[in-house]
C-alpha cells in the first residue's frame, strides 16, 4: 500500500524543495511534446527540446507542454525556472507518492491527480502521478511514463470544429482532468464485474481461496478510496476559486466534474459495503458447510454406534447367556437393529437433517 | 450496482457536452405530450410533434412538455436549442447513469431524480431517470420510457377546482417531485414487508438460502440509499434558493417535501440497521443448530461408547477369565451397562442438554 | 417499523394539503376540551363543541384547546379555518406517520412530537402523534386518542399559585413538551431494566430465545432513536428562534428541555452500545457451549476408543494367539487398560479440559 | 447505567423548577463549610450555619461556600434566594442525574460536573454530581456527600504564597475543576491497568469468565464516556466566553484544562478500541481451543477406528476363514495395525496437527 | 497505552504551573547546545552553560537553543524566566504525557510534538516528547534525551549555501518539524512491511500466535493515531495563523507539511482498515481449519463405523446363525464391506470433501 518502498527513507535529511526523483529511475529518456493552438492555427511538436522550451514565447495563443518521465530532474528544474514556479511545487511533481491535491497561486493553479490503470495481470491497480499546472495561456502536464488517456483531447485540438480550440487554459485543464476521471469508470466497472463474479463464487462455490480474493478486493478498494476521496476536495476547490484564471462560464464544467467525482465516491462506497457483506456471507457459508459435515457424521455415528453396541453384547463370551441358544434370537436381534435404525432416521427426518 | 454496464466505457473520449444516449436504445419511438393551462383554460395534446414544439409561443399561461424516451438525441437537442439550455444540461439528461442532482440557472432550474419501480419479478428495484427543467412558465420533464406516476397530476390539471391551475411552474414541478417521492413509499413499504418476512424466516425456519436473501436485501438497501440520500441535498437546495422563480409562498411545499425525504432516509436507515441485525441472528442460528447437532452426537456417543467397551471386554477370548463362568455374570454386566447409561443421562439432564 | 402499513399507499395521488386521516379510524368520536385562564380566573370545558369554538373570542386571556382524535377531518378543517393555519399544517396533523418536526410561522409555532407508551403486553412501544400549535395567546394540541400525560398540567392551571397561570402560551407549550419528554424517561427506564435482565440472562442462562430478545431490544432502540433524535433539532430550533412569540425569559426553560433531550439521546446511545455488546457475549457463549459439548465427547471418545480397540484385539479368533492362554493375561490387559485411561485423564487435566 | 432508578419516575408531574431531591436521602445532615480570603487574610469555618450565610456580606474579598449534601432542599432553596439564582439552576443542582453542563448568566457561571471514584469493591465507578456556581467574588460548590478531592486547594488557600490567594473567583473555580479532572486520571490509570491484565488473561489463560470481564470493562468505558465527552463542551464554552467574570489572563488556565479533557477523551477512546480488539481475540481464542479439542478427537478416532475395524473382522465367527489358522496371521495383523497407525501419524504430522 | 504510569497520580494535588518532572529521572545530566547564525556567520557551542544562556544577547542574528533532558527542572525554570514564558508552558514542557498541541502567544509560538522511534527490540514504538518554542529570532527545542533527527539540519546551518541561513526562526522551526514528521515515514514504512508479513502469515501459515501479532499491530496503530491525528490540527493552526512571526512566504512550507501530515493519516487509516481485514481473514482461516479437521474425522468415522458394525454382527455368538457356516460367507462379507467403503468414498467425492 505504501507503494515504492524505500522512497521516503531516502528522502529524509534532504532540505525542503529538493528536486530529486525518489522512485526507481526507468531507462527511457523523458519526452516533451508540445501543442500550440488558437482558434485558427495549431502546431504540434512530438519531440520538443529543452532549448526550444527555454526560448518559447508565451505572448499569444495557448501552449500545452506535456512531459513524460519526471525522473530527469534537470528537465523539471529548467521548466520550473522558465515559468518561475515555487520550489515546493517542483518538489511535489518529482515526488511520486503524493496525495491528490490542489494549490492556488496568483498566476497559476497546481494540481496533482492519479491516473489509474488495471495492471496487465489484472491483479493490482497501477497508479501514475499526473501533475498539471495551468496559467493564463499555458498548461503543463507531467506524467511518470509515456502512454496516457489524452489522445482524444489531442484529436480534438487538431480539429477546428471543437470548442477546445476556442477556449483557454482552464478548459484544456478541465479536459485533461475529465479524461483522467472518465478513465476511473473503467477501473470501477471492471471492479464491479469482479464483485459480481465474487458474489457468484461466494454463493455457489466458495472455497478457501475465496476469502483471499475478498481481502484483495478490499485492498483494491482501500487503494482506490485513497486516490478518489481527495479528488473531491481538489475539484471542489476549483469550482469555488475566485481567481480570474478560471473563466466564469467554464466553472460549470468543473461542477460537472465534481458531480462525476461524487458519483465515483458513491460507487466505490457501495462496493465497499457489498464486499464487506460478501465477507459475512463467506463466513456464514463456512459455518454452514461445517454444519453439513457434522450432520453427516452425526447421522452415521448415531445410527451405527447403538447397533454396534448390540452386536457387541451378543459377542460376549459368558457361559450363561440364555438368548444365545434361542432359535430365532439372531433374526430377532437383526430385526431390533433395523427398528433402531429406522427410529433414528425418522428422528433425523423430523429435525430436517435429512 | 453499476447498472447499464458498458455505458461509461463507450462515453470515454467524447468531448464534454456530447448528447449521445448510452443505454440500449429501446425500439419505441420517443413520445412528446403537451399541456397548456391557465386558471380558466387548459389544452392537452397527447402526441405533440417537434414542429409544434418549435413554434410554441411561451408568452402566456403554463406549459408542461413531457418527453417519454430520451434515446432520440435529435429531439433532446432541438428542445435544448428552443429553450436555450446549457450544453451540459442536455448531456446530463441523456446520460442515464446520473446521480440525483439540482442545478440553478438564471432563468430555470434543472433537476435529476430517480423514479423507482419494483421489478415485475419482484427481485430488483428498477430505476428510471427523470429530468425536470422548469422556468418562469414552463416545465419540461424527460423520462426514459412511457408509463409514469404523474396521472393524478394530469387529472388535477384537467379540473379547475384544484390549486394547481392557479399556481405556476414551481408548483407543477413540486407536484411532479411529490408524485415521484410519494412513490418511494410503496417501494419502502414492500421492502418493509420483506424485512418482516425475513425476520420470521430467520427466527423460525432459516436455511442456507436465507443468507442469500439477507444479502440481496442489503444490496437493495444500498441501491435505494444511492437514490434517496442525494435527494436530501436536491430538495434542500430548492428550499434555500433565493431565485424568484420559486415563489415565496410555494417554498413551504418544498419544505414539506424535504420532511418527506428525511423520513424516507430515516426509514431506509432503520431497515439497514435491522437487516444487519438479521445477519447477526442468522449467524447465531447457524451456530445454535450446530450446537444441537453436536449435542445429539455427543449424547449418543457418550452413552454407547463406554457400553461397547464393556461388551468388548467380555468378548475377549482369554482362556482364563473367571467372570465368564459365573452364573449371573451376564445379567450383572447388563445391569452395570444400564446404570452407566442412566448416570450419563442424568449428567446430560443436569447440563441441560436434554 | 413502518407502522400503520397501507397508510402511505392510500395517500398517493392525493393533491398536497389534503386533510384525510390515513390510519384506521377508531370508533370513538373526537373530543375537544377547552381551558381559559388568566392570572385570576380560569374556566374549563370538558366537552367543548365546534360551534363554541367558532365563536371563541381570543382577545384576552390564554386559551388551550385540546383535541383527542384526529380522524374527524371536518373538525381539524374547521379549526384550521378559524385560526387560519396553512393547509400543509392541517395535513401534517392528520397524517400520523410524521417525523417530529418544528415549523415557524409569523404568528404561530407548529410542533409535531411523539408520545410514547409501553404497550400493555410490554412487547412494543406504542407511538401517538401529538401536534402542538401555539400563538400569541392560544395553544392547540391534537392527539390521536384520549388519555395523555397532561393531567399534572391541568391541575396546575386550576391552581392560582403556579407560575403557569402568570405565563403565556409559550410557557404552556413548554409545559406540554416537558410532560411528554419526561414520560420518555419511563420508557427508557423500563428499557434499562430489560437490558439488565437480558444481561443476566446472557451471562447465566442464555438459550436460543435470548437472541430473539436481543434483536427485539435492538428494534425497540431503533424505533426510539427515530422518535428521539429529531427532537434535538425541534427543541434546539425553539431555543434559537428570534420570534417574539417566545419570550426572552422563557427561553431558558426550552434550554433546559434541550438538556433533557440530549440526556435521553446519551442514554439511548449507551443502551445501543450495551445491546450490541450483549450480542457479542451471546455469540461467544454459544461457542463456549459448543466447546463444552465437544470436550465431553472428546474425553469420552478418547478414553474408550483405544480401550475398545485393545478389547477388540483379544476378541480376534486366530488359532495361534499365545497371550490368550497365559495365566494372568486377562488381568494384565485390564491393568494396561486402566493405565491407558489414567494417562488420558492426566493428559486432559493438563490441558485444563477437566 | 440509568443510575438511581426510580428517580425520573418520581419527578414526573412536578412543575418545572421544583427543588426536590430525587435520590435516596442519606442520613447525614448536609454540612456547609466556608472560606473567606483575600491576599492578606483568610478565615475558615468548618460548620457554617444557614443564618451566617444569610447575613454574609459579599462586598469585599473572596468567598467560597461548599455544601456537602444536596438532599436538604431548604438549604439549597435559601442559598438560591440569597444569591438570586434562577429557579432551574436550583432544580438542576438537586437533580443528581444531570449531564455535565455549562450555563452562562449575566452575573454568574453555572457548571455541573461528575466527580468519579473507583468503588471500594473495585467493580464499578461511582459518580457524584458536583455543581459549581461562581460570580464576581464568590464560588459555591455543591456535593452529594462529604469527602472530596479539594483538600489540596484548601491547603493552598491557607498559605499566602500561592497564586490562588491573589486571584479571583474564576481561578478558584478553575482550581476546583482542575482537581476533579486530575482525579479522572486515577480512574483511567486503574482502568488502563485492568485493560492490561485483561490482555494477559485473554492471551494466556482465557476462560468463560473472561468474556464477562470484557463486557464489564466495556460498560465502564461507556459510563466514563458519558461523563467525559460532555466535559469537552463545558470547558470549551468556558474558554470561549466573553463574559468579564472570566479574566483575560486566566483563560489560558481553562485552555490548559481543555487540553487535559481532550487527552482524557483520546485515552478513553483508545481503551475502547483496545477492548473491542480484546473481544475479537477472545472469540478467536475460543475457536482455537475448539480446534485443539477437535484435533485431539480426530487424531485418536482416526487412528483407532480403522484398527478396531480390523480387529472386528478377525473377531467374526465364520466357520471358513482361512487366515485364522495361519501360523503368523496374528502377528501379521498386529504388524498391519502398527503400519496403519504410523501412516496416520505421518499424515497428521504433515498437516501440522501434531 | 498510558505510558509512564504513576505519572498522573503523583501530579495530582500540585498547584497548576508546577514545573516538576514526572517520569523516572534518567541519570544523564541535561545538555544544552547552542547555535548562533546569520547569513554570513555561524557559531556552534556543544556544551552551553546556563550562565551563558542567562547573559545571551538576542538583539541580532538567529539563536537555536536545544535542551536534551527535561528532567532538570531548574534549567527549564531559568530558561522560562530568561525568555519570560508563561508558567503553564513550562509545566507542559516538563510533563511528558502531553498530547501534540499548538499555542500562540503574542511574541512566540509553542508546539508539542512526538518524536517516534522503533524500539530496539522492534516490538514497540517509543515516543519522545519534543517541545519547540520560537519567537522573532530564536528557537528553543526541548527533548527528553540525547539523540535526535536534527543532524541534517545542523549540517545545513553550518553551510552558507542553504536557504536556512537566510531565513528566520519560523523557517528553522519548520525544518525541525519537517525532520520529525519525515521520520514518521520510517515508522510507517516498517509498519507497512510488517502488515505485509502478517498478510502472508495469515494466508499461508497462520497459527494461534498470529492473532496476538494482529492485536499488537492494532495497538501500535492506535498509538500512532494518537500521535499523528492531533498533528493535523497543530500544523493546520500554524498555516492559518495571522501572527507576523510567521512570514507570509514561509507559510507555504507549513502547507506542504500539512499535506505530509494528511498523507500520514491516510496511510495509517488504510493500515487500520487492512489490519481489521486481516483479523476477519484469520478468523475465517480458523474456521476453515476446523472444517478440514472435521472432514477428516467424518470421512474416517463414516467409512469405518458401518464396517465395524457389520463385523460386530458376525462376531455375535448366537448358536443359530445360518450364514456362519456358508462356504463363501466370509468373502462375501468382505466384499460387501468393500462396496460400502467405495460408496461412501464416492459420496464424499461428490460433496467435494476429498
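Descriptive notes on the structure:
Each chain carries a letter (A, B, C, D and E) given by its place in the written order, and its residues are counted from 1.
Throughout what follows, a residue touches a chain if its C-beta (ideal position, glycine included) is under 8 Å from a C-beta of that chain, and two chains touch if they have at least 3 such contacts.
Bear in mind the structure is a predicted one, so any value in this text is a computation, not a measurement.
Shared contact partners of subunit D and subunit E: not a single chain qualifies. Our note on geometry: subunit B versus subunit E, Cα centroid distance of 42 Å, whole angstroms. Taking each chain's centre as the average of its CA atoms, subunit A and subunit B sit 26 Å apart. Taken residue by residue, subunit D touches two or more other chains at 283, 287, 290, 294, 297, 301, 305, 308, 312, 315-317, 321, whereas all remaining positions touch fewer. A single ring links the chains, and its order as traced from subunit D towards subunit E is D, E, A, B, C. In the complex of the two chains, the subunit C residues touching subunit B come out as 1-2, 5-6, 8-9, 11-17, 86, 88, 92, 97-99, 101, 103, 208, 211-212, 215, 218-219, 222-223, 225-226, 230, 279, 282-283, 286-287, 289-290, 292-294, 296-297, 300-301, 304-305, 307-308, 311-312, 314-317, 321, 323-330, 333-334, 337. Taken in their complex, subunit D has these residues touching subunit E: 149, 151-152, 156, 162-164, 174-175, 178-179, 182-183, 185-186, 188-189, 192-193, 195, 203, 252-253, 255-256, 259, 262-263, 266-267, 270-271, 273-274, 277-278, 280-281, 283-285, 287-288, 290-291, 294-295, 297-298, 301-302, 305-306, 308-309, 312-313, 315-321, 351, 353.
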